[in-house]
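A single structure is presented below for examination.
Labels run A, B, C and D following the written order; every chain starts at residue 1.
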Amino acid sequence: MDAAVLIDAIARLIGDAGHVATGALSPIPMAAAMLARRRSGGRMRVTVLGSRRNNRFTDGAQELFDCAAQGRIDVFFLSGAQIDGEANINLLGLGDYARPKVRFSGSFGAPYLYMLVPRVILFRIEHDRRALVPRVDFISAPGWSEPHVYRPGGPVALVTGRCVFDWRRDERRFALRSVHPGETAASIRDATGFAYAEPDEVPTTPAPDAALRAEIRDLVRHEVTEVYPRFAEEFAI
Amino acid sequence: MDAAVLIDAIARLIGDAGHVATGALSPIPMAAAMLARRRSGGRMRVTVLGSRRNNRFTDGAQELFDCAAQGRIDVFFLSGAQIDGEANINLLGLGDYARPKVRFSGSFGAPYLYMLVPRVILFRIEHDRRALVPRVDFISAPGWSEPHVYRPGGPVALVTGRCVFDWRRDERRFALRSVHPGETAASIRDATGFAYAEPDEVPTTPAPDAALRAEIRDLVRHEVTEVYPRFAEEFAI
Amino acid sequence: MTESLSLPDLVARIPDGAMLVVPPEYSGVAVAATRTLLRRGVRGLHVLAAPTSGIQTDMLIAAGCVATVEAAAITLGEFGTAPAFNAAVRAGTIRMLDSTCPAIHAALNAAEKGLPFIPLRGLIGSDVLRHRADWKVTQNPFADAPDPIVLLPALYPDIALFHAAAADREGNVWIGRRRELAVMAHAARRTLVTVERVLDTCFFDREELVAGALPALYVDAVAIAERGAWPLGLDEEYAPAAPALARYAAGTLFPQNQLAGAA
Amino acid sequence: MTESLSLPDLVARIPDGAMLVVPPEYSGVAVAATRTLLRRGVRGLHVLAAPTSGIQTDMLIAAGCVATVEAAAITLGEFGTAPAFNAAVRAGTIRMLDSTCPAIHAALNAAEKGLPFIPLRGLIGSDVLRHRADWKVTQNPFADAPDPIVLLPALYPDIALFHAAAADREGNVWIGRRRELAVMAHAARRTLVTVERVLDTCFFDREELVAGALPALYVDAVAIAERGAWPLGLDEEYAPAAPALARYAAGTLFPQNQLAGAA
């Protein structure tokens, strides 16, 4: 897995958002947000939970959620131990709820933020049939809601270690947008447990050139390391 | 009117409360709370809105109301342009609501604090039939509530420039407790627009001796003047 | 990004008919901005006092800028009743939404949290409640026994306007312990702040100051207005000007004559 | 008045069966107090994580002190899942009330404001909601069209317990920008705080510090516990001890052996 590809791909998805926030255990989304901010000429606001330097909240742990409800956060990142083809995410456990086979930490803010932040980017490096499943065992947060349910937010894309999917809200399914270098439409099909739309021609996710890699390395060293000290070594950036 | 009598009388009503708060435009209650705190050996907590020295709130203007709802305020003071025999108070206006003859500033926090603070002391210097009426024109806050209404708070006494009334909750009426020096049971009856219970023997509110007057003067000078700079002259303390 | 504007450009952001939320007299009132606003001839404001107001709302009423006032009280404090407010209520020339302090705080908290409504204790039996057709009394759905409780709709102001001692170079504003200002800014769609000065520092560089800063995230624009709360006071900066306030309370109902040119 | 106690006397205020609210790992966790508490053999705790917890709750579970956990997540962060928590949930030996961060914040806000319940957006369609029999979905009474919304009952903890850098001589506690600690203290019936040190000053004497102080009014007792958050970190004081945390995450489920004597 080439972390720079993911960082660049996510930064493109962030685009020209006004305010991007990243949550716990999100070094790659954080690096991507830093890159997107640089591309905005510094106009983009980035809030990194767990950072002092990149966090201007002063109203306690609830401020992220209030801020999202106020419509002041455009982009947030969520993940899932399982993600299914309807964009439901499971952060809680595998098997029966009362007696799970595997228990994860819990749903954090997902049942709320997935509903309220306009553009949620799903991110999970592991891309296999255990992670991307036909149906999650537990819906920490649903991928879509009935029209009468208040939901200004929801998914826009799913980025994995192998590819980028767009979320097609009207069709309630993912669509393959691009495969990372080394992957093919067929290798994605093999590794994915849910059905999704696939274009006739599947583009390859752009691979950063040396200059962009240097830029990312610089951002990681100067910003990401504050929050994730071991990230640079771990991902060989 | 002898302000020291009122200050001493209110301090006795405060007794050994744990936390007393005073609101806007309340120099006499503030002085009384300072006196009660001194009598507690400094153990009593006093919160004076508008003071820096005697105010430890750090959560904004809502903290008083939250604090009251948490049960952390034992005694508060309210007044009324009109107060009636059921302890209803009117801070809003006289006459018809839509087109009042006289309009006052408004009900402030009374519709809430009167319901939530266990011991509300009503205080109004002017004691005449315009102030103490059979029925208020507008109920800013009611003196009593039906049993199914959540109401841990309510009135305990009414202190005026002429006397002290106790509130008898079970009887839903005031009872004359003591008349200030110079007043009589008959002079109170003349000046009061509502019916109330009257004991056969009406005690006189104690008049502070010289030592207590000096103590009050000292408290006013050192504490009350911070918030009410003109109080000492105005009330000749 | 927080914009730096002149005072006229700042108040130009307040359109006719806006719901304008303003702080109580002790908490940093943008009086200079208000004078500039009423000189501009703004019309049809819905002034929301959070939770009370005084000379600021009175001046706007006197100048004919106000359609609706929502407040727990409009008062000049020790200087007495607000003359223009008083006359307007008696004449029925403004729509008055009488409220109570905790109801306004709660309705702004609801907006801050994106809640469509919020419950509140107290209020039952008060004529304040009786005259509020937009408030509802409901049974507490978590209680088995009868337990009526009031539900308040959230209040989403268009604009929050206040005055503070200082902004830093990022547009963070020092509010100290005046956290009601943060609630206003969180709840409002736009926040406009006048300050005594803009500091060439960042409050976030000194951890002991951070808790007292309103982040620039909530501040749309800042304008410098020296002594911008005058004749009201500003914490640690200047005390209220009692003679000017007494003159106002005693004076004409046309504060343009009295205050508009006084700064 | 805030009492000054020894660490054992402080934790003696936490009775068996108490609902104990604790902060997230980044916000000042009273680990030393927790070790003292589990050595005492407290039983039947209802641990409310506000809104997440880690090693603290895991240690208490491992030592058999916990009947119920309510949390948005129990996690050791980058060190992985909490081993005792994980085993206890799989074995069904604790009652787990799965929640979500904003629901815990909102339910504590409700307690802070004396509200019996509070609405919250989101959540509809989540299995977290489906498994919470104590939460209700209702129609927004202010909407004409169908608009379901979740109502949460207020959470009134018996005890709030956390660690901070300093208290002053009045018992005011420095929390800086960690305002979630103020919400916990407001909501809880009793608040117990361990601190690195007690300063012979008063935060209210320096206005720039006031906004970061939790008033003594909300602090029932303070005990000094140097490095009291270890092996977790404390803002501006010390960083988390990664090796100790990694050992904990990888190690036995009996933290008495591992941590109880380590400070």
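Criterion: contacts are C-beta pairs under 8 Å (C-beta built on N, C-alpha and C of every residue); 3 or more make two chains touch, one makes a residue touch a chain.
Only a predicted model underlies this, so the values are computations on that prediction, with no experimental measurement involved.
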Third chains touching both subunit D and subunit B: C
From subunit B, the most remote chain by mean C-alpha position: A
Which of B-C and A-C has more C-beta contact pairs: B-C
Distance from subunit C to subunit A - Cα centre to Cα centre, in angstrom: 39
Whole-Å separation of chain centres (CA-atom averages), subunit A against subunit B: 59
Where subunit C and subunit D are represented by their mean Cα positions, the distance between them in whole Å: 35
Between subunit B and subunit C, centroid-to-centroid distance (C-alpha), Å: 28
Residues within subunit A bordering two or more other chains: 57-59, 65, 69, 116
Numbers and ranges of subunit C residues touching at least 2 other chains: 106, 109, 113-115, 120-121, 147, 149, 177, 179, 182, 210-211
Graph class of chain-chain contacts, one of line, ring, star, complete, other: other
Contacting chain pairs - touch in the sense defined above: A-C, A-D, B-C, B-D, C-D
Subunit B-touching residues of subunit C, taken from the complex the two chains share: 24, 26-27, 50-52, 71-75, 77-78, 81-82, 85-86, 89-90, 92, 98-103, 105-106, 109, 120-129, 131, 145-149, 177-183
Residue ranges of subunit B touching subunit D (in the complex, touch as defined): 19, 43, 45, 56-59, 65-72, 116
Contact footprint of subunit C on subunit B as seen in their complex: 24-25, 50, 57-63, 65, 69, 91-93, 97-116, 138-142, 145, 148-150, 228, 230
In the complex with subunit D, residue positions of subunit C that touch it: 106, 109, 113-121, 136, 138, 140-143, 147, 149, 151, 153, 175-177, 179, 207-212, 235-236
Subunit B partner contacts - residues on subunit D that touch it in the complex: 1, 111-115, 172, 182, 186-187, 204, 210-211, 213-218
